[in-house]
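Each structure below is given as structure tokens.
What follows is a pair of complexes built around chain A, which joins chain B in one and chain C in the other.
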Partner chain A sequence: MFKHLLTLIWNKKKQNLLMIAEVLISFLVIFALSTLIVFYYLNYRKPLGLEYENVWVVSYSNPLKTENGDSLKLFYKDLLNTVEALPQVKKTGFCSNNIPFYQNTWSGSLKGNGKEINNVDNYWVDENYQDVLHVKLISGRWFTKDDVLAKQKPILINQKLEKELFGKQSALGKLVDEGNRKIIGVVEDVKAKGDYSTPKVSMYMKVDTGSWHFIQRLLVKVSPNADAAFEGRLYKTIAGMMKNSNLEIEHLVDKRKSINYFSLVPMIVSLIVAVFLIINVALGLFGVLWYNINKRRGEIGLRRAIGATGKSVSSQLVSESMILATLSLVIGTFFAIQFPLLDVFDLPKEVYLIALVLSILFIYLLVFICSLYPGKQAAAIYPAVALHEE
Partner chain B sequence: MLKNYFKIAIAVLKRRKFFTFISLFGISFTLTIMMVLAAFIENVIGNDYPDRKRDRSLYITSMEERGKNAMSSGSPSFYFLNKYAATLKTPAKISICSNGGNSTNTYVNNKKIAINYKYTDANYWDILEYDFVEGKAFDAQQVKNGEHVAVISEGLKKEYFGDIPSVVGKYIEADNVQYRISGVVKNVPITTYMLYSDIYIPYTVSKIDYLNKDYQGGYIAILLAASKADLQKISNEYDDVMKRVPMENKDFDHMNCRAESYMRSFLNTGNEDSSGLTEALTAIGVFTLIVMLLPTINLININVTRIMERSSEIGVRKAFGASSKTLVYQFIVENLILTLLGGLIGIILSYIIIQIINSADLIPYFVIKMNLMVLLIALLICFVFGLFSGVYPAWRMSKLNVVTALKEQ
Partner chain C sequence: MIRLQNIEKVYRTDTVETLALNSISLDIAKGEFLSIMGPSGCGKSTLLNIIGLLDIPTKGEIKIDEQKTDSLSDKQLANFRNKKLGFIFQSYHLINDLKVLDNVELPLLYRESSAKERKDLASEALGKVGLSNRVKHFPTQLSGGQKQRVAIARAIVGRPEIILADEPTGNLDSTMGNEVMDILLNLNKSDGTTIVMVTHDENMAKKTHRLVRLFDGSQVQ
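Right, the complex of A and B next:
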């Protein structure tokens, strides 16, 4: 039976070649799209790793003319106390400008355990960062005020970096960066570039006297009832203390929305385009199959006349299309499998595999649906009428 | 002859309505996507408000300093541009202004307004042709004196003051400073990001020390040439100046900072290894290929099917002496008529979609308009599409054997 179907397909190779090409390309488009969707979905299911509600970000340009670390430190301590004294402020903390949900990144490499990891996100934060953003501590502790005095600079790393550096071992207490830094804690991964992004390897360093000149962000955790009037007051208070600074206050809620928007818009556009492409392909397949059956009335009539049931005729036609689809899928899978094998886009392998399975199922379903009606029509052909026409 | 082909094409289209629907659906939808894309790109890069003299201007927007172990890129500083770009001899006029992306807040009636601000000099208003709704720009004397004057955008005026007829002479507070409004200009969409702003202020009142001697620091320069012929000269002159600029510090051994055309600076990635232009073109090319390839194959498939249906007609024509060439020609013309028909539907569809995009107000002040350029691009795409999807089926048709074609019936 199977061999017979293959012969039938081979006899009309020219026309089938076009159909195979069409299914093949649709498969590749679906594969690309489902890879994207699976990737986003798997990321979306992971925890965000921090609490962003009611956190405001104050950006200022460097206001003091002095390079003296101590007077800078004094000034910022004063600023922090003034802001925290305001009624609706819960907690504030300074940090570098690569705040979660912002486009800014700051990365470097980290040596440890005989390895060197590149592209590690570097966050400069102070001891209050944890109370403002509630980054989850897995083990160890957060920074304290006394950490400045330590000989080996204390750092925290995230789980991903711990895994890359030390495998299954605990990183706590380990010395890294040629013995210059000591890991005092491990925090949960943070999806810093929005809900649909993968967390990157990252390390947290404490803001110290030497770093005040590039720290230009103040995080302010406010109570839920803080409104624009209060924001205006906060703005005036800070502006009063930093006369020479450009100030801006933004809300992390808005920043999260806009960074998610940036990942979603391309996906939605490609989804719309893909849906139309698929409708297009489906209609095309349907039309060609339908036409082919009309052309093969004689053959089908003959089969019916020598005893084939309507069911077996329609299943023959459906199987023929499924074999065609399988041929395309074999070629398509060969190309698709190259992505995880060659690690083209640095995505986890399971993303490709899930996407591959999904797109194979989708194509089979599409071809099946498109051939169902033409198959049914073929089953309805009366042998006498069909043969009489010839 | 063409009239006959047209009649035949219409007759064939009417014959099998389902196939006609599939073909037209594919064609019109593909063209809609391509046209919306073309209209979007055309409006992003083709919008020449406010820099109407764009074709004889050069822009210095970024610099890159490189050393063995160090790389730093960003916009040049005021100091750097003032020293090396403002002293060029060939340009007719030179303006230095801060680059986009600076924002601050203001609070009015317990409402928060986010404001984009831009520091400019007086030449800025001569080189760029902003449309003033009221008032005028600040002049060189005011810039020199460091007066707190500002030109604001129409959108900001409405947001800050509400619907009042005139605001010139009134004060606006931004970044905790009071500025006297000297003029109101029409909105610039954010896609023209080098020139977009809500409020324009003299650079002399900048809170950040603009005389800071760092090479990088958030400013750009616009060089206006007396004529198009001077553009190359200016570019060369600036390159020569750059060759003699001492490195900022020991970490760097060479520097890349060029005066470029609008398109190149618009897409500048700040990296000398990759021109943004090539990347943008590749991205558009890949997208076009994916969007066009499937419908083309689909249309070829359907066309082949339809031709086989017409084998008797072709057989008769061949039997009466029509050459393969004539038949191929006829079929391609028929297919072009079909694509043009689809294109017409596509134009209507994309017009509707563009209206929806515009009313959704996705990008502030950015309005996509259908213009002649977009229509021409659409026509070109139609033509290419029709040609590609027609050639193979036509070739198949012309190879049809007369005897079998006639016998089949």
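Right, the complex of A and C next:
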């Protein structure tokens, strides 16, 4: 019977082209969409890499009219002590403005192990950063106060950068940046641009005397019951010390929400577009199948007359659709695998692979559902009536 | 082997009611060659469809081999049509997207058979109707008479006990018609196939065992 159906399909290749094309196009759309969804989902499944609850971010503009690093350092040390003395504050730390969940980025290249890696996220942080955000240390240690004395400036890098620079080797103790910097620790990758993002290669440098003039963020880890009243008090305390500064306090919880929303928007938009497309395709498929069956009433009547059961007629029609879908999917898969093969969008290969499998299953399901009802209708055609109409 | 009792068939459309068959009772014995005649529209095709269990009578009963047929399941009906019946339709009903050979193989697809068996039997049937040189053609590439013969080959390929032929010679010239008639007569004589044939041709009817005349749905002879 299978060979018979193949013959039938082959002999009608012209009529079947329309359906093959329709399924092919919908497959490609579904593939694109599921690639996006799978990519987001796999990212979402990975750990965030830090603890953002109850972390507030104080942004300020530099209030002092001096570029003198030492006096700046003294001033900020004083500020930090004052804030930490507040009852609801657990820990505070200074850092550059490319805080996780913010749109700001700060990147540069890093040389090491005979390679140069571009687009490395540079985070300027102090020794408290770890206690505020709890970035997970994989090996080595975090910054300490004594790090200023070191001959080679200590840095920490994330696992992704460690892998790119040193492969399977440990990066600990390695000198990079032409011997100017020493890796003292490796931290877990952080999804800095929200839950659906992929972590970038990153390095952490310690805020030093020379960097105080561009540091304009203070992270404050507060206790869970810190409320708006306390936020007001914090604001007033800092404002009291920074007379001419523009102050703003934001919560990392909110920043995470908004950056997640930001990355979800394109997905939601394409999802809506895709749903409309799928409905369209489903209706189109349904229409083509319905039309085919009505055109083939005579054939159906004949098959019944020579010994086909209603069931075998409907399963024949469903099988024909499935075979046609298979043909489309073979062509579609050929196009789809070009993406991982040519590495078009710099996505992990598994994303494409999972998306491919999902789209194939989806198309089969769609075609199956769309052909089920016309197939059932065909089975109900009364042989004598169908034969009479011809 | 086939017994019709008081068969009545009414076609209802929105506006009209047609009494296509009116109280037909008919006994067809095994091995009999029966012909049905009557003017156009008198119900011949309808009667043939009812005998072949393709259509259900509005009233009356059909027994095949002493067995009632009104309670047969879809599967049993399909099996009966496939194994016991060979249909030759007035308008051939060939599948235009299948080659002649594939068309003839069709009934065998619905029973257990190997590809080789099907091919051999279909070629043999096509040989009997003199179309061995047209197996790779599509029906649209054939003349009316040739299509008629493909339809006959398809009806006999499964070696059915009963052949129901609706004007099998209607579209053929007299030479061709006689050849087809000879094929049917031969099947009847050598294989004992029971044949019910609708015809407009008195000469053809004379060659059969018995003639039934219909007029306006009623049996007049």
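Here is the rule we use: the second predicted complex is superposed on the first by the 378 of 390 C-alpha atoms of A that agree within 3 Å, B and C clash if a C-alpha of one lies under 4 Å from a C-alpha of the other, contacts with A are read in each partner's own complex, and residues count from 1 in each chain.
Everything that follows uses one rule, which is that a contact is a pair of C-beta atoms (placed from the backbone, for glycine too) under 8 Å apart; a residue touches a chain by one contact, two chains touch by 3 or more.
Please read all numbers here as calculations on a predicted model, not as lab measurements.
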item: First, second, both or neither for A:K257, with chain B first and chain C second; value: neither
item: Touched partner set for A:V29, first chain B, second chain C, both or neither; value: first
item: Which of chain B and chain C A:A21 touches, first, second, both or neither; value: first
item: Contacts of A:G287 with chain B and chain C, given as first, second, both or neither; value: first
item: Partner chain(s) touched by A:R141 [first = chain B, second = chain C, both, neither]; value: neither
item: Which superposed partner A:A229 touches (first chain B, second chain C, both, neither); value: first
item: Superposition-derived comparison: chain B or chain C, residues of chain A touched; value: B
item: Set of chain A residues, in rising order, touched by both chain B and chain C; value: none
item: List of chain B residues in touch with chain A within their complex; value: 18-19, 21-22, 25-26, 29-30, 33, 102-105, 107, 110-112, 114, 175-176, 207-208, 290-291, 293-295, 297-302, 304-305, 308-309
item: Residue numbers on chain C that touch chain A, as the complex places them; value: 45, 49, 52, 54-55, 74-75, 78-79, 81-83, 87, 89, 91, 93, 95, 97-99, 102, 105-107, 109-111, 115, 138, 154
item: Chain B-facing residues of chain A, complex; value: 15, 18-19, 21-22, 25-26, 29, 61-62, 227-229, 231-232, 235-236, 239, 244-250, 273, 276-277, 279-281, 283-284, 287-288, 291-292, 295
item: Touching residues (chain side chain A, partner chain C) in the complex; value: 1, 3-4, 7-8, 11-12, 298-299, 301-312, 382-384, 387-388, 390
